[in-house]
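There are two complexes below, and they share subunit A, which is joined by subunit B in the first and by subunit C in the second.
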Partner chain A sequence: MIDRSYKELLKLKRFPHTWCPGCGIGAVLKNVAISLRELGWNDRNTTVVSGIGCSGRMAGYMNLDAVHTPHGRALTAAEAIKTVRPDLNVVVLSGDGDLGAIGGNHLLHTSRRNPNITVFCNDNEIYGLTGGQAGPTTPKGTKTITSPRGEIFQPLRLGRILTTQAPYFYARTTVYHLNHFKACIREALFWKGFSFVDIISDCIELNGRRLGFKTAHQMFKWFDERFHIVEGVRDHLKDDELGIAKREVEAEVKAEMEVEKEPKVLIEGLKLFTLEELKHFDGTDGKPIYIGYKGKVYDISTSPLFQGEKRMRCHIAGKDLTRDIEIAPHGEDLVYHFPMVGKLKVKAEAEK
Partner chain B sequence: MKPRLNVIWNEIYCKRCILCVEVCPVGILSLEMDEIVEKPGCIRCYQCERYCPDIAIEVMDEGEKSS
Partner chain C sequence: MKQLVSGNEAIFQGAIRAGATYFAGYPITPASEILQQAAARAEEDPGFRFLQAEDEIAAAIATISASLAGAKSFTATSGPGFSLMQEALGWGHAVEAPCIFFNSMRVGPSTGMPTQPAQSDLLQIKGGSAGDYYPIAFYPNSVEESFRLMVTAFNAAEESLSPVIVLADALLSHLYEMADLDAIEVVVAPRTREPLGRGKRLFTGTAHDRMGNVKTNDPEAYRDWLNDLKERHLQVADKYPLFEYFPGKDPDTLLIAFGITSRIVAPLKERFSIFRPIRIYPVLEKELEKVTQPYRHIIVIEGNDGQYASWAECAISRKVMKVPCLGGGFKLKWIQSQIEERLKGR
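Coming up: the complex of A and B.
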C-alpha cells in the first residue's frame, strides 16, 4: 500500500488541472506535495509562492497559503515573507522564464543574501504559456517559434551562476529520473539557506512537438540521453550532469556559530528519564509533550504545531529525536526554543 | 467502462497523455476508444501511478482487488 495522504495538500476540487496532457508541471506539483507531506510541512507552517507562466500556476493548486506574484517577482515576495515570518517554511514554485529571464536579477541577489527558502524551477527550456518562444535556458540550436532556424544564443547556465560563491545549493534533475528527482526535492528542503532545484521538464505541446516528439515519454527518453546522474556531492555540475552541487559557509565561521547555538543549562541536577519513561509524556490526557534530543529532554507542549486535535496525533511525542532533528530543516533551533526539563538516560547508561 | 483488475482510473482527471501506457514495464495498459484499458498481468510495480502527472491512475490496495 502506498501513502496517498499528499493529496490533502492539493486542491483536488480544481482538478483536472490546467496543464496540457503529459506536461511535466503536473509531475513537479505532485512530487513536491509528496515530499512536503513526508516532512510534515502543512498549512500551518508553509507558504508557497509562484510567478507567472504555466509553471506559475503551481502554487494555486496547493492547499497552502499561496502567493501568485507578478511575472518574475516570486523571489521578492518569498524573501519578504521569510524576513517577516522566519518561522514559516517558504517554497517557490515557478518556471525557467519567470525565474531566469524577467526574474533573473532577483535570482542573483536573493541567492546572494541566502535566505532559507527553497526554489523548485520547472525548467522546460521554453516560454510555455505565451506560445513556445525561446527563453534564457533554451539550448543553442533549438527550433522554437521565435527561432525557426535554431536559437542562435548560448543559454544562461543557471548551474554555473548559482554555484559561484558559497554557501550554495543547486541541484539538477529531471521529471523522468523520479527517484533522483525526489531525493533532490528532499535534500533541498532540508538545506538551511537558499536552495534551487533545476527540474528539467517537458513542454510537450509548444516545444516537444516542434522538436519531433509525439508523447511526453519520448521527451523523457531524450532527457535520459542528454543527461546522466552523478553520485555524491559536487562543488559544481557539468552541463550534462544531474546531481547536487552544494557548499556550506567557510569552516571557521561555522564552528563559531555552533558554539553559540548550544543552550545554557539553567537548572542543576536535572531529572533523569529513561526512554520508557519518556514515552509516557506523549501529550495524551493532558500530559505534556516531551521529546529527547542529544541526551536532554525538552518540553514542546507549547509549540503551536501540536495544539488541539493535532496534540493527540503528535507522532514525535515521547521519542528520542536526535537523529531526526539533525536532518530536519531548522530542527535544532526549534528544539532550543523550548524549556529543558531533564536528561535522557542513553541505552548504555540504562543497562548499568 | 471496462471492469478493473488492479488499477483504478479516473476518466475525469485523465488527459490521455499515455505516459502510464508507455512506462508500464509489462505493457498491459493501452488507450482504446478514449479509455485507459487494463489487460491481466499487472505486477503492481506502481510505475503508472508514480508517473501520471494528473493523479488519474492508482494501483488498488490489496483489499480492494476484485481479483
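Coming up: the complex of A and C.
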C-alpha cells in the first residue's frame, strides 16, 4: 500500500491550492513533506519559512508553524529562528527570484554563516507570481515579458556561488528526475549546516507556454535534454549537471583521516571499528549496513528507511551519523532499536 | 553604586533587564555601541545571541523572526538604517511580533551628518512602511530614563504584540551621566506568545483573518483584523501616557520640547512653561489638548523642520510656532533668540 501519511504535514483544508495545474511547485511541496514525514519531523520540532512568490506560498500549506516573510527575507528569518531555537528543524521553501534576486545579499551572507538550515529553491527560472518577468536564473536568450528579444544577461549561477568555500552543500535536481530529486531532498535534510537544493521546476503558465511548450510534461522533457545526472559526490557541478556538490570544513575532513587502521577485538566480543572499516559495511554485495552513533556501531540492515533506495543507502551506510541523527527527532530511539555490533575508534562528534 | 553610564549603555542594559536574549544589528553611528555590547554579552552569556547582519534589512527581519521563535529581541540603528528597516517594521506589525527597534537619530536625509544629532525621523516611526499600522514610540531625555523606557517599551511590545520604537539622538546616545542602573526597580512583562514549534500557525505579512488564514480578497476579514490590531495598540498606548509638564511664570507661552532638546531648553523653565512628550507616538492628543489650552503661544522646539509641530497642530486644531534646530545645532542661546523673535510684538 502506498504510504500517504505525509498528508498530515499538509493543510489539506486549504486546498484547492493557488497553483496552476501542471506547476512544478506541487511536486516540491509533496516530496519535501514525504521526506519530513520519514524523518519524523513534525509540528513540535519543525518550522518552515517562505518568502514571496508562487513558490513562497509553500510554507503556508504545511501543517506546521510557518513563517511567511517579506519578499527575499526567508533566509534571514530562518537563520534567526534557528539561532534562537537550535532544537527546531528549520526548512526554507521559496523561489529563485526570492532567494536569488531580492534576497541575494542574504543568500551570500546566510550561507557564509552556515546555520543548520535546509533550503529548497523552486527554481522555475522566472518570476511566476508577477506574471512571467525575467528573473535572476532565467537562461540567456530566453524570451520573457521583460526580455522580449531574449534575456541579454548571464544568469546567476547559484551552484557556483554556493560552492566557493567549504563547508557547503549544493544540490541541483529537477522536478522531473524524481528519484534523484527525492535523494537530494533527503541528503540536504541530513546535512549539518547550510544546505541548498536548487530544484529546476516548471512555470508552465507564465513561462512555458510563451516558450512554446504545450504541457508541463513537454517542459520536463526539455529539462531532461538540458541536464544529466552525475553520480557520486562532487566538489562542484557543471551547469548542465544534476547532482550533489558538498564539502565539509577542512578541519573535519582531516580528523576523519587520522583514524587508526588496526581493528581491535574488545573483551565483550564487540569489535572496535575505525571509520575506515565502518565504511566497508555499506550494504553493497550483501554486506550488512552498519552506522556509527555516539561511539557505538549499530547494524541497521533491517531498517525500512534504508531499503530500496540504493543511492541513499550507499551514502548513509558506513558512516558516523551522530550529528545527523541528533538533528532527526526520535532518531536516537530509532537507533537503539538496532543491534549494537561494536564500538567506534573515534571520539563521537557529540562528545567533542 | 552610581557610575558614569552612556545613553547607549543604558539602552542596552535596559533591554537586558527587560529579558532580551537576542540582538541583531549593523554598524552605524551613533548606534554601533549597542551592537558592540551585544557582541560582548554573547561572549559571556551563552543564553544571549546576537547577529551582526549584512544590512539593516536583515537585522530587522532577524529581530522579528527571533521574537516569533520565542526570544525577547531588539535591534538598534540610526536614520539611514531605520529607512532600510521600514519593510520589516510593517511586517512586524502584520505578524504581530513583539520586539524593539531603537533609532538614535542623526542629521538626514540620506547619509546626512553622521555624527550630528537630530530628531528628524519622527515621520519614519509611522510613515515608512506600506499600509496602516499603529506603532508605539518612546523618547527619553536622560541616561536613566533610557534604561527605564527600554523596559517599558519591551512591556508595551509584549502587550501590544508589535514592534515598539525607542528613539534617541546622537547627543543622548553618547551622553554620560551618573546613574545606578542596578538600583532601578522595574516591572518586566513576561512573553505573551507561544514560541515556534507549538502548533500549526502561519505568521504572514499577507492579509489574513484573526486565525492567520490568508485572506487576500476579503475586505471584511481585513477590516476585522486591522480594527483588532488598532484597538489593541491604542489601548496599550493609553497605558503609557508618558509626559512631563512644568508650569512657568509666563502665563501665555508654552514650549514643547522632547528628547535632548528638552534638556537643552531646561534652563528656560523659570520663565516658560514646558511640555515634554515622552510617548512620542501615538501623539498624546488628550494630554496636549488639556495642557496647551490656557496658552496663547505654543512653540515647538525640535531637531527637524516641524515634524512634531505638525502632529501637535493636528491634535489641538491650532497653529503652533516652530523653532527648528537643524544641522545638529542645538545651542540654547540661539534657541532663546529664536523664541524672542517669535514672540516679538505678540
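What we mean here is this: the second predicted complex is superposed on the first by the 251 of 352 C-alpha atoms of A that agree within 3 Å, B and C clash if a C-alpha of one lies under 4 Å from a C-alpha of the other, contacts with A are read in each partner's own complex, and residues count from 1 in each chain.
The rule we apply is simple: contacts are C-beta pairs under 8 Å (C-beta built on N, C-alpha and C of every residue); 3 or more make two chains touch, one makes a residue touch a chain.
Predicted, not measured: the structure shown is a model, and the values here were computed from it.
A.B. asks: Putting subunit B and subunit C onto subunit A via the overlay, clash or fit?
C.D. replies: fit
A.B. asks: Touch check for A:Lys345: first (subunit B), second (subunit C), both, or neither?
C.D. replies: The answer is neither, since A:Lys345 touches no partner chain.
A.B. asks: For the three-chain arrangement built by superposition, which of subunit B and subunit C touches the greater number of subunit A residues?
C.D. replies: If we count touched residues of subunit A for both partners, the winner is C.
A.B. asks: Tell me which partner A:Ile25 touches in the superposition: subunit B (first), subunit C (second), both or neither.
C.D. replies: In the superposition, A:Ile25 touches subunit B alone.
A.B. asks: Using the superposition on chain A described above, determine whether A:Val84 touches subunit B (first), subunit C (second), both, or neither.
C.D. replies: The second partner, subunit C, only.
A.B. asks: For A:Ala216, using the defined touch cut-off, is the partner it touches subunit B, subunit C, both, or neither? Pick first, second, both or neither.
C.D. replies: After superposing on A, A:Ala216 lies in contact with subunit B but is clear of subunit C.
A.B. asks: Contacts for A:Lys296 in the overlay, against subunit B (first) and subunit C (second): which applies, first, second, both or neither?
C.D. replies: A:Lys296 sits against neither subunit B nor subunit C.
A.B. asks: For A:Arg172, using the defined touch cut-off, is the partner it touches subunit B, subunit C, both, or neither? Pick first, second, both or neither.
C.D. replies: neither
A.B. asks: Please work out whether A:Lys246 is in contact with subunit B alone, subunit C alone, both, or neither, and reply first, second, both or neither.
C.D. replies: Neither partner.
A.B. asks: Looking at the overlay, does A:Pro16 come into contact with subunit B only (first), subunit C only (second), both, or neither?
C.D. replies: Touch status of A:Pro16: first partner only.
A.B. asks: Look at A:Asp65 in the shared chain and tell me whether it touches subunit B only, subunit C only, both, or neither; answer first, second, both or neither.
C.D. replies: Only subunit C; A:Asp65 stays clear of subunit B.
A.B. asks: In the superposed model, how near does subunit B get to subunit C, counting Cα atoms only, in Å?
C.D. replies: Closest C-alpha pair between subunit B and subunit C: 19 Å.
A.B. asks: Of all residues in subunit A, which touch subunit C in the complex?
C.D. replies: Per the touch definition, subunit A meets subunit C at residues 11, 14, 43-47, 59-60, 63-70, 73, 76-81, 83-85, 87-88, 105-106, 108-109.
A.B. asks: Within the complex, which stretch of subunit B touches subunit A?
C.D. replies: 12-19, 22-23, 46, 49-51, 53-56, 58-59, 61-62
A.B. asks: Which subunit C residues qualify as touching subunit A in the complex?
C.D. replies: 21-22, 24, 49, 51, 53-55, 57-58, 61-66, 68-71, 73, 87-88, 90-91, 95, 195-206, 213-214
A.B. asks: Under the definition above, what is the set of subunit A residues touching subunit B in their complex?
C.D. replies: Against subunit B, the touching part of subunit A is residues 1-2, 4, 7, 10, 12, 15-17, 19-27, 30, 178, 204, 215-217.
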